[in-house]
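These notes are about the structure you will find just below.
Labels A, B, C, D, E, F, G, H, I, J, K and L are assigned to the chains in the order they are written; within every chain, residues are numbered from 1.
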Amino acid sequence: MDRRLISVIHGPNLNLLGEREPDVYGSETLDDIDGALGGLARELGVDLECFQSNSEGEIIDRLHSCSGRADGVILNAGAYTHYSIAIRDAIAAIRPPVVEVHLSNVHAREDFRRVSVIAPVCVGQISGFGSTSYLLALEALARACKERS
Amino acid sequence: MDRRLISVIHGPNLNLLGEREPDVYGSETLDDIDGALGGLARELGVDLECFQSNSEGEIIDRLHSCSGRADGVILNAGAYTHYSIAIRDAIAAIRPPVVEVHLSNVHAREDFRRVSVIAPVCVGQISGFGSTSYLLALEALARACKERS
Amino acid sequence: MDRRLISVIHGPNLNLLGEREPDVYGSETLDDIDGALGGLARELGVDLECFQSNSEGEIIDRLHSCSGRADGVILNAGAYTHYSIAIRDAIAAIRPPVVEVHLSNVHAREDFRRVSVIAPVCVGQISGFGSTSYLLALEALARACKERS
Amino acid sequence: MDRRLISVIHGPNLNLLGEREPDVYGSETLDDIDGALGGLARELGVDLECFQSNSEGEIIDRLHSCSGRADGVILNAGAYTHYSIAIRDAIAAIRPPVVEVHLSNVHAREDFRRVSVIAPVCVGQISGFGSTSYLLALEALARACKERS
Amino acid sequence: MDRRLISVIHGPNLNLLGEREPDVYGSETLDDIDGALGGLARELGVDLECFQSNSEGEIIDRLHSCSGRADGVILNAGAYTHYSIAIRDAIAAIRPPVVEVHLSNVHAREDFRRVSVIAPVCVGQISGFGSTSYLLALEALARACKERS
Amino acid sequence: MDRRLISVIHGPNLNLLGEREPDVYGSETLDDIDGALGGLARELGVDLECFQSNSEGEIIDRLHSCSGRADGVILNAGAYTHYSIAIRDAIAAIRPPVVEVHLSNVHAREDFRRVSVIAPVCVGQISGFGSTSYLLALEALARACKERS
Amino acid sequence: MDRRLISVIHGPNLNLLGEREPDVYGSETLDDIDGALGGLARELGVDLECFQSNSEGEIIDRLHSCSGRADGVILNAGAYTHYSIAIRDAIAAIRPPVVEVHLSNVHAREDFRRVSVIAPVCVGQISGFGSTSYLLALEALARACKERS
Amino acid sequence: MDRRLISVIHGPNLNLLGEREPDVYGSETLDDIDGALGGLARELGVDLECFQSNSEGEIIDRLHSCSGRADGVILNAGAYTHYSIAIRDAIAAIRPPVVEVHLSNVHAREDFRRVSVIAPVCVGQISGFGSTSYLLALEALARACKERS
Amino acid sequence: MDRRLISVIHGPNLNLLGEREPDVYGSETLDDIDGALGGLARELGVDLECFQSNSEGEIIDRLHSCSGRADGVILNAGAYTHYSIAIRDAIAAIRPPVVEVHLSNVHAREDFRRVSVIAPVCVGQISGFGSTSYLLALEALARACKERS
Amino acid sequence: MDRRLISVIHGPNLNLLGEREPDVYGSETLDDIDGALGGLARELGVDLECFQSNSEGEIIDRLHSCSGRADGVILNAGAYTHYSIAIRDAIAAIRPPVVEVHLSNVHAREDFRRVSVIAPVCVGQISGFGSTSYLLALEALARACKERS
Amino acid sequence: MDRRLISVIHGPNLNLLGEREPDVYGSETLDDIDGALGGLARELGVDLECFQSNSEGEIIDRLHSCSGRADGVILNAGAYTHYSIAIRDAIAAIRPPVVEVHLSNVHAREDFRRVSVIAPVCVGQISGFGSTSYLLALEALARACKERS
Amino acid sequence: MDRRLISVIHGPNLNLLGEREPDVYGSETLDDIDGALGGLARELGVDLECFQSNSEGEIIDRLHSCSGRADGVILNAGAYTHYSIAIRDAIAAIRPPVVEVHLSNVHAREDFRRVSVIAPVCVGQISGFGSTSYLLALEALARACKERS
């Protein structure tokens, strides 16, 4: 049987992780997270690829590129979560299931962060566990892959 | 070192799981979920207790009883999620961290299910993965226990 | 052929009927209503059971208990009509059809009484006819039973 | 003692009943409903007259004409239910009690169908029972006539 | 110089004046009002014509008919005031100035009566003075005619 | 019989009339209006007093001073119309009837000018006729005085 | 093969076209538009019928009459576009596809003109091209007829 | 003359007082408050009974039980204040006056705490004085009893 | 130890107390209230000063003057309660604690009276007890003074 | 005379056409649409250029590049239609007229798709006719070019 | 050439500057600001006058007095910024340009401080720079004076 | 001491300045503005760099690049001001203070231009002074640099 590919997409400002508002987002860098994800992926026997962009258009392009290639997508759309209907449409347009993750508990912050325009087209949402949010998403997708295979 | 106790609280109508709207909630029963949680708890080396009630007051009482006793709470507050400020206050009043879980992707259903009045006082939210939502919550709490110890 | 069972559920504060705001709710007591319903049930050849509770959780429990047992439910959810999504979910979760009744014309009172969160999952709504609202509901359910049989 | 007259007013698009969206409104025609009402009226010993119009102005005229003549009005105002303040004012201006009926459960459809601008000036509302909604309304008015006489 | 023609248009339910909700609208009939207007018109040396309809379409037709013929219009659009954008467009489309009148103080009643969709295209609004509202409107239009001549 | 006293109160910025936004408010000054009102008062046989202030508190004081002394008040509250609940309470607290007037058609301007917090406690409203709005108000009050005497 | 029939329905105030607010609606009359439509219909080989009414009820009647007879409907519902749920229900109730047209760009005008209650039950919407809006609608329907045949 | 009975009802989560969010609610326990109330009751010569529940239904039952027995009720409905229309209806249904109290200044906290659905049916509201809120309520009721006697 | 000074500020229209809407505000005059407050102040051993103004600016000036001088302020801001952010800022800017009082139960009246823009910066709110509202506020402040001393 | 140039701009996710949600958007690919447009352009004697991008910034750049070069723009802004004020400003900033097109009937889908922030600055809107929407837009622009030449 | 006069108007509570909420407004007093403004005015060669009032009416009077006399106005309307339509009308009524200034970043505070009812009639807005906000406003007005001269 | 660097970022459509809607934005080009800023920078002794992009992602990248390098940022985010939470997060994530500028008085235009999602994380806002808005921002930042040094 083929190995599965999980694609991780980090949205705007996540490249600053570790130096950006550490009281909200913690001191881990994006490389730390990608490293931890890589470790877990090896453990679970799935392939992993990571990507970050501050551009809405590039995130849409990346989602499109996952369509025939990846078995699942982990998406932290950052601030685009709250208004990018274009990313929402990209998620709805592609085949692999997309899991929405957030580092912080978006529900405990400003009101506008409580609205996710992408949530209705994602399979599920995990928020508030810091970098663990990503790890749980990876496990959820790996489980789902196993069930489907 | 002591073993940790995780308390699971299932809210209203979850006792009907398996027969209630199976297209939305799946065919697993609550016992199936509690069984799967028990297996994972043993694997993770934590103790587990499960509880279900249709009564807002009993859920509050149960949350209170966790205060000095449990190291984490997994709460599927069901419909109370959307309006029970009393449960919200109970969560804020107790010491152990509470993880909010939902079987279905509440964001893909009726508008009123997109509002969670308890989310701002929970540590995080996991929704949309069926019974796996609970398992991920248990892993998240077990990880957090380990980090604290 | 078996006799049919219709279950009547009276919600919060209806136990005070007759003494509570008589200009709004009339001078009949709940026993008067149950008596009149019993008379009509005998006439229509259906069995009847009546229940009252001020507790949201007990009303949910009662709705659950109707699931494999009753052929129809008459529910006056009182004030819970306007916010109990938990009762709504219970109605959606059980098999027998539920008819929503109100003594007063809820549309001619405060704005918040015009919203029924349970109406979308009930088969129909009858309001404004005093105790006759219940009797009409019983006739509607008896007719529906006859059509199904 | 005189026989009582009940006036039935069917609003816009109800003339298409049977061919219009049968999944929502059923396969009975308006003549079927008027026939069933006639049968029940004979049984209850009341006179009945039926009227249909697609015109807001004609419905108002008809309501006015009921004022000194009919002992009760059964009104299915169709879509006018949701915005015709002019029909509302006509109901408030005339003497006989008006019962609002709907074939479908208007609360389980589009949001705008949940608002009835005429409900506050009607004596009561019956919705969701198909043509039985009309029959229940006729019984309610016949009962009320008997109590008044 | 020609005599001026003022056209009076009474909207829905105003034909019931005197018998309809006398505590809100007073005991004068529409004929009483037309009579008083006629008296004042003679005094002011203007011609007057009066019209009443319950039909939105007929009121629009009447407004159109005023276009090249009347020098001013007094319009009590009744309940249509609050939602008939079609009447609004008719007022905007014709040449003579239109004065909006109301018998009652619409601002002291239900919230929906505080919105006038026709007010922005009328020259002015007079409300709350009973039949005197019409007389003041006639004086205002007569003054304006005199200034223009 | 005593002569009647009508008190005219002009609110904020009306002292600038004639120089302020002449396309909205016309070129007449406040003195012109007071003069025209004086002329009409003599014609109608009533006494008149005029007052202007930019201060909400002084307008309230003036309204209070009318209580046992004036037989009617003509109030153009200017911008206070839209938010001064304190002036509203003063109107409700005093005995003489108050007529609300506006020079411009407030309904054809910014949205916030369409809300009058004082309208529900005034006897009526006249707007859009320029200085004629005041004259019509004076006639309305004089008529009412005559009817009461 | 039979020739196709396209029915054109013009709503309220469109009879004034050419004299009504020419800066918004242009100087063409309704006859000009019907003439241009007739020319294009001949070119496309379809039959055409045109109708105008200011009455909501008559527009509903006309829509009903199209049901078994016309192959497509071009509807400019004028102001009724924004509130006539009754016309919406008539469109949903009949068989031929209905295309919504507007002369002006309704989205560039008052806020209330941006809401179309009929749009969700029409096949498509064309607005802003003056009389060309109608011609494009005719072409769209003729194309659709050809595809179906 | 009989001694008066004042009934104190503490709502959800108030049993945790002293350990729950002490920065918001202070360090006094519920027993401390009941003790202080008892002392003041003796001073004022009234009888006192205290009750706490986390259950909406039990609070309603308790309010009902006050009806023919207590001369006044002091109610801190906690979070139920903000949504329990059922408790509101219970207050409206019973005879003794109910005073609404809050320990914290609910107006200085989250927006949803500024809405009290029970306030319109209570005689008055006291909030923000910590346990003194209860003492002031007791004095208010004792004064009112004295005035009535 | 020094005697404490409590400053009482009565807002707009309270000077009319006794003659203004007695069904809402009772028949006591402002002098009656100030007298009762004076009596209680002597009993409690605190100094008292009373002030009334209809002017928002004067109320702000008075609040400022309390800053280094008074130990507590009792403020009935009347209608300004609902919109005067300027008074709110004055309260926040001064040192002594301010207690908000209302004679009537503002929550049982018009919707706009349910909003208090000053509540978030006051220490507490007492409403609905007539003149007793003031007396309770005085007791609350006297208690707080004693605790601080 | 010069040939005219019409520029077609396809927004986000339209590159997936044919594979993306075919029940909503049909099975035609973007190349099919561009081909059909090319054919019609030749027929109408106008030049055509087509462009697609998922990036808001690139769409703005493209609109700018049309300014002195194209005689009309056909824009399907996809999801950006609903929130990109930046694209709106670009349309307003350039000279050629822009026609807004949509494949699906956006008014029959989710609520947020009913809002077009670009509509007020486009000349017109065509939606719901699948790829025919583009063809009608091209005809409309070609007609307009002819009228201007 | 004449020297230019710039008039500075400080609104409610600004007299407390330096002692009022220093974490929000800083420790500078109003005299400090007026002094710094005076220094810059001398540098720029313009005359300056400063005024403070807590009264809405006095601020309006002051604005009126600027009309024929000052060449520009710097207005910090304080809390009146958010609701004083009367001050807005005064600004619109006078000739000299008015610049709106705020010490704090009003957009980073409570929601109600984000609305400025005066902004649409001011030439521009400067907020968030502490006392520098005033200095920048003075430079902006001085530049504009130079351009006009 | 080192020279300070101020970074200027111009958002979408600002490259069209001078040709785009000159009645709103004036006839100066972006080069004119950058030139004027350069002149003032030399005068103030600070370094300056200017950047323009129509892409949200590039603006975010540019803001990030300022983090360890620039001493202040002048940002005219154009239309992104009103919805780009991603730009807001970038501003919050970087170290140098950001000043928000607008050429036009955004408060005097469409409603949606009155909302700035970036304002709460900027140090201040300057709008309405044309290109002078930028110059004032540069002075403000230069002053702040001087105070910090």
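Convention: contacts are C-beta pairs under 8 Å (C-beta built on N, C-alpha and C of every residue); 3 or more make two chains touch, one makes a residue touch a chain.
Keep in mind it's a predicted model, so treat the numbers as computed, not measured.
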| item | value |
| --- | --- |
| Chain-contact steps, minimal, separating chain I from chain C | 2 |
| Selected interface, I-K versus K-L, where C-beta contact pairs are more numerous | K-L |
| For chain G paired with chain L, centre-to-centre distance based on mean C-alpha positions, whole Å | 48 |
| Distance from the mean Cα position of chain G to that of chain E, given in whole angstrom | 32 |
| Mean-CA-position distance for chain J and chain C (Å) | 55 |
| Multi-partner residues of chain B (each touching 2 or more other chains) | 55-58, 83 |
| Pairs of chains in contact (touch as defined earlier), listed by label | A-B, A-J, A-L, B-C, B-H, C-D, C-H, D-E, D-G, E-F, E-G, F-I, F-K, G-J, H-I, I-K, J-L, K-L |
| In the complex, chain G residues that touch chain D | 55-58, 60-61, 64, 67, 83-86, 88-90, 92-94, 117 |
| Touching residues (chain side chain I, partner chain F) in the complex | 11-13, 15-16, 19-21, 53-58, 78-80, 82-83, 112 |
| In the complex, chain E residues that touch chain F | 105, 107-108, 114, 116, 119-129, 132-133, 136, 139-140, 143-144 |
